[in-house]
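Naming follows writing order (A, B, C and D), and every chain is counted from residue 1.
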């Protein structure tokens, strides 16, 4: 089966290309375009799943052959790919999520019939999938940068796909500008590596850091951190993320949040573990800190949102933070010479990567269905959807439980691994740095709890209670294809949650490649039923076992019911309304109200601003109508980016005065230059 | 008749012929044919140069080495596209009554002369003749710039010609100095003014005189090439000229002046054997790069923005040459070519937009062009993607080549600077084009039926661009390497 | 290693049986301390029995989530209980999850409790859920940090191992780490079980209630399950507290020890209940936005505990 | 190498003419009347032709006579005629206030002359005939440049441009034994001719459109 994965992967790539072309060919026939483009994408993604799984099972067998997929035409640009475990693992992510989203899109794109050009959507969708897959497989810095930019380009078009909206246009620009700045950093970083390596092939970059001088090495690391950090959306480079994700069509948001930002994680992992050689301690510390900060701030800002998709976008920042915690810890362990723990932490990070990809995509798909049904992204106008779109609600609930890191779903497992690695990290060093681990753990706990709060809000306000608007009241269940897409991811969530030990086997080659340790055997006890921390004494957990026991315990309440209260009856009645004439939706608890305690507690961060205008006849306590507006401040936006932007504009306008339109002035420029040069030449 | 002679004669003949035949179609056809022919000749020349070095005619009066061959190709391609585009363009202008038939004839007469002037620049061996030819191109393009005879276009033309001829006067002084330097060794008979001969005696030339000569040539030809701070005429002329002319000015004319400057640069380096001229080029290139970005960012006029982007690209080319390593020079040459293939498309598209919206102000054009001129906007978008240096188009490769060459040469600071400037320009272009291309069009504008104007021309250029971005054929590659060698002071 | 059925079943029974008693005892003693007669200690059993017998009125706005929540709350509490060593060192489910899983399970219960509060479209429920989640969120870091402190000392997150470690020679009552961590965990206990000064279990005053607000729409057997689940949770947390920090007399295996250890366990439990009672009677309920100060204090305590492990090693 | 040793007379003549050219240039700088300026330019060109003639004679280089003739025809006769016709058509006699008043302009010119000499000093050894001719040439170029900056009327700017041209030609004559190759000379000559004609056309159109020759009005294209 040596060549099987390769052949399948090439098939996948061809499939995406075909999908893109098909989409463009059927520009006029939107139905055909929809089916061809997304159908092909789904098939290709499926092939990709198979390919990457087989490849990972085959392990590092053919990790080191790099294959030219196109002949090299421009000097020293080689279009070569390599099937190494890390790349394959991320390919698995993109293919899995891509599969679900493609199926979903088959239904979602129908919403655009007659309004927008579905063919274009499908084409760019396939282009993104293709580019992302190639990013994960590229084996040459030039090639990597090319596909990286193509990915950014295609995504830009997808973000501003509904370009009639000002919002989407600006979001696209912001996204592309940030991404381009990131790319600039990557270019410099790669060139710094190239200076030492003398080649652009990734194999020549392997462990190049060891040969580099400290200065360029650290510079390269920081450049890569910024470059990939922008894409991953780490604080404070995240500002594009909550703008771009909501503006895009929902299937695209799912793609971006699930897959696209993972390219940043991939890049960091690739660079930090594969290229840079043994890391100095401060790298790990930096990444761990950034991760922690991103996690906490991300979830805090998410809590303040009542735009469903923006909320999810901020959660992406949070989860990227959690992933980075794992990676940072792994780097620190590598530094202090604990390959075992390094593998554990790396494993935790990567596992959370795929988990986040799965449940975040699931949540975005659900949000997409909701927005599709209610024509709004504002949670304050939703509610009561659990009755109107029960299946979507259920899938969303699963996603919410998973992302809140609650057992027995996958989010819990990966965070449990993260906890384990942080916990055992305490013993690895005796310097004060060790305190970072438990503190990071505590922050992780805070993040988890806040995330739970946030998703109680998200699910409760969106799906429960009474509908808050007519749209919500007339909402309808999403079509079958859209549900099918969510089913795939729901199943993935459950499986990844219940059978971690089986899945971790796939990750063995990755950890072997990057940290030199295969862990799955140590991690699984009781023939795979139980997941244990790297050291057997560390602690164990078994989501599967817990679920089984829970099932066994279920008879207890049922028995109680059976014994005591067979005779009782169940009556539906109105909710207690304190004796008013029934509850109206306007009396429900709003999303803003729900998050108010948090807003008050973290005043210092949010600087909340509230405006209350009430009109009343005789007493302010009997207001005729009342307008309440509460806003929080996005610190990075207002303190860093806006001033910077303003400065640039100011300077540019000033410089514009040079071109004042007077010929004399222009002559003087030349004259002065000439005289200076003459003096200089003397 | 022989190759180089034909290259000069055919366009000139076409131009003069247009004096006789007055029909628009006929003149357009004549232009197209002429430049198509020169393109073919260019390819032949390319092959011959690639095979056996420099080609000379008229006892070395005309001489084409790799560099010239490369430029010949650029000139012919861009001119061909321009004349392809011009026909429909002026048809609509005539219909709109914005030009008289007489003015249109002016265009079709002058453009081929402009073209042959440029051919003479790159083919002339004698520096003096080269100077005269550059002046000739300037003069022939002035009236083209002033074609619309609006207040603004006259102003643009006036600035263009004043600054241009002043600069060229200085360039002439530089030329004189070089000649003088050559004279000093051979007082008896007239020394040869041929570049090739000068190269052979370069080491014996008086270094101080040559330095002085290069300074004047730099200012002079630099003005024509639009290097900051002598670039000030560039946005005016480019924005006021009819779009075909803007395309030619920006696509090749700038590079022609740069070519003339390069000849001096090579000579100077050969004589002084120092980095004197390199450093000057580098400095001016960086200045141009640095100046372009803010102007693009706050620009209010489409064609002016494009002109500033040309400034940026010229700057980048100069930086590439100024860095002076084989890689960067090669990158600079690539960049010349790719830019020549890209920028005209943008100007053509701007022309269509102008004819549809009757303005070039971003504010007045407003959003939503994609709904009005779908095809044009599509092509323009592709060209813009290419021009801002995104893959899979060549400028990405050339820019990356230059930067990586810079890093490899240890010029980290410069490379970083270049990268920053490029990113800034990208952001500017992105923002500006987003203001007009996507969105919901203003109520006044409706889908324009004649929106497919100029598609052949743009298609030709973009197709070539795409092909050559992914695949540079062997002989071309050889010639480019030879040219890079020549600039780099090699054989 | 694998969980043996008898232990599991017996501990389940113990949890079910003991938890209402603790609630009752606390109520009773509190009354006594305030010179009231107060309800009988076994009143909660009667209440539960009563709730089970009663008909249910379910809000017309409520969905399946509302009916699903009680079971989740009840079962997660039980599951969590099965991971804590009560009378024997070896907790029945210690293999299936340690303290992290315990926290996770309680969080899962809380998640659905809060959803259940939101479901009937009543403003009280929403308010309760919002406050519950907020307090839990800020209690979580302190809890986790305290847990980390002991877990680090034991080198494991498995409660049985932690207990054995604390039983072992290394342990001393006055180890500052233990004292501080205990204090922190005790505050968290107050917050998690909805005790004064964080919440007032006795009130139904709309502006002050948190936990009760979420239960407002529940009735009949659902209410019974909710209440029971709450008291089981309380028992679990108390057990965690006492057995982790004062693991005297925990049976290590031999059945003979069981009676002794059971007695010891009860004694410790009632002691903690006593402390809770004292705290509840001597303190007033804090304003909602004062609670964070209390919990951050707990966080600082736990942090100090951590620092002390660092200093005294 | 036996270059024709320049006898004193030609050398002095050339020096004299060059000096006179400079003087005329300075007069131009302070001259307001357009027609007078044009005549001054013509005079300057005469001197240039004179220098060329001296060179041709003393080196007995006959093709340099061609340069003389061309200069006389073009710069002395034709261009002045063309320009003055323009001026008469436009019925304006004098330049409006220049950017700098005359004393300052004179000071600047002095500075430029100094610079010219500085630049030229290393090369005096190269000059075949006369001395400091090169310095004068460079000074002419610079002052012509300055003149261009300083004046606002289109015509005077054209004049200034032409004086720059003169300077260049002077340099050519001064530095090279026999002037430039004939082709180049011809090319330059015709270029200048055409340039001025085209400038004339533009000036004409500008006057038609703007009803003025003040290029201060040409400042709409900004930014």
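One rule holds in what follows: a contact is a pair of C-beta atoms (placed from the backbone, for glycine too) under 8 Å apart; a residue touches a chain by one contact, two chains touch by 3 or more.
Predicted, not measured: the structure shown is a model, and the values here were computed from it.
Peer 1: Looking across all chain pairs, point out the one with the most C-beta pairs in contact.
Peer 2: So the pair of chains linked by the most contacts is A-C.
Peer 1: Just to be sure I understand: the centre of a chain is the mean of its C-alpha atoms, right? Then which chain's centre is nearest the mean of all of them?
Peer 2: Smallest offset from the overall C-alpha mean is found for A.
Peer 1: Can you check how far apart chain C and chain D are, centre to centre, with Cα atoms defining each centre and the answer in Å?
Peer 2: 101
Peer 1: Roughly how many whole angstrom separate the Cα centroids of chain A and chain D?
Peer 2: 71
Peer 1: Measuring from the mean C-alpha position of chain B to the mean C-alpha position of chain C, what distance in angstrom results?
Peer 2: Chain centroid spacing, chain B to chain C, equals 79 Å.
Peer 1: What is the distance, in whole Å, between the centres of chain A and chain C, each centre taken as the mean of its C-alpha atoms?
Peer 2: About 35 Å separates the centre of chain A from that of chain C.
Peer 1: Return the residues of chain B touching two or more other chains; collapse runs of consecutive numbers into ranges.
Peer 2: 158-159, 162, 166, 170, 212, 235, 295, 298
Peer 1: Can you list every residue of chain A that touches 2 or more other chains, as numbers and ranges?
Peer 2: Residue numbers touching two or more other chains: 656, 659, 663, 667, 674, 678.
Peer 1: With touch defined as at the top, which chains are paired up in contact here?
Peer 2: Every pair of chains meeting the touch criterion: A-B, A-C, A-D, B-D.
Peer 1: Okay, in this complex, where on chain A does chain B touch?
Peer 2: Residues 73-75, 77, 142, 145-147, 149-150, 153, 160, 163-164, 166, 169, 172-173, 176-177, 180-181, 184, 187-188, 191-192, 194-195, 648-649, 651-653, 655-656, 658-659, 663, 665-667, 669-670, 673-674, 677-678, 680-681 of chain A touch chain B in their complex.
Peer 1: Quick check: in the complex, which residue numbers of chain A touch chain D?
Peer 2: 656, 659-664, 667-668, 671, 674-675, 678-679, 682
Peer 1: Where on chain B is chain A touching in the complex?
Peer 2: 158-159, 162-163, 166-167, 170, 211-212, 215-216, 218-219, 223, 229-230, 232-233, 235, 280, 291, 293-295, 297-298, 367-368, 370, 385, 390-392, 396-397, 400, 403-404, 407-408, 415-416, 419-420, 422-423, 426-427, 430-431, 434, 438-440, 469-472, 477
Peer 1: Please output the residues of chain D touching chain B within their complex, sorted ascending.
Peer 2: 1, 3, 119, 122-123, 126, 128, 141, 145, 148, 154, 157, 161, 164-165, 167-168, 171-172, 175-178, 180-181, 183-184, 187-188, 190-191, 194-195, 198-199, 201-202, 205-206, 209-210, 215, 218-221, 223
Peer 1: Spell out the residues on chain A that touch chain C in their complex, using ranges where they run on.
Peer 2: The contact residues of chain A facing chain C are 383-384, 386-387, 397, 401, 404-407, 412, 416, 419-420, 423-424, 426-427, 432, 434-435, 438-439, 441-446, 448-450, 452-453, 455-457, 459-461, 464-466, 525-526, 530, 533, 537-542, 545-546, 549-550, 553-554, 556-557, 560-561, 564-565, 567-577, 583, 585, 587-589, 593-598, 600-601.
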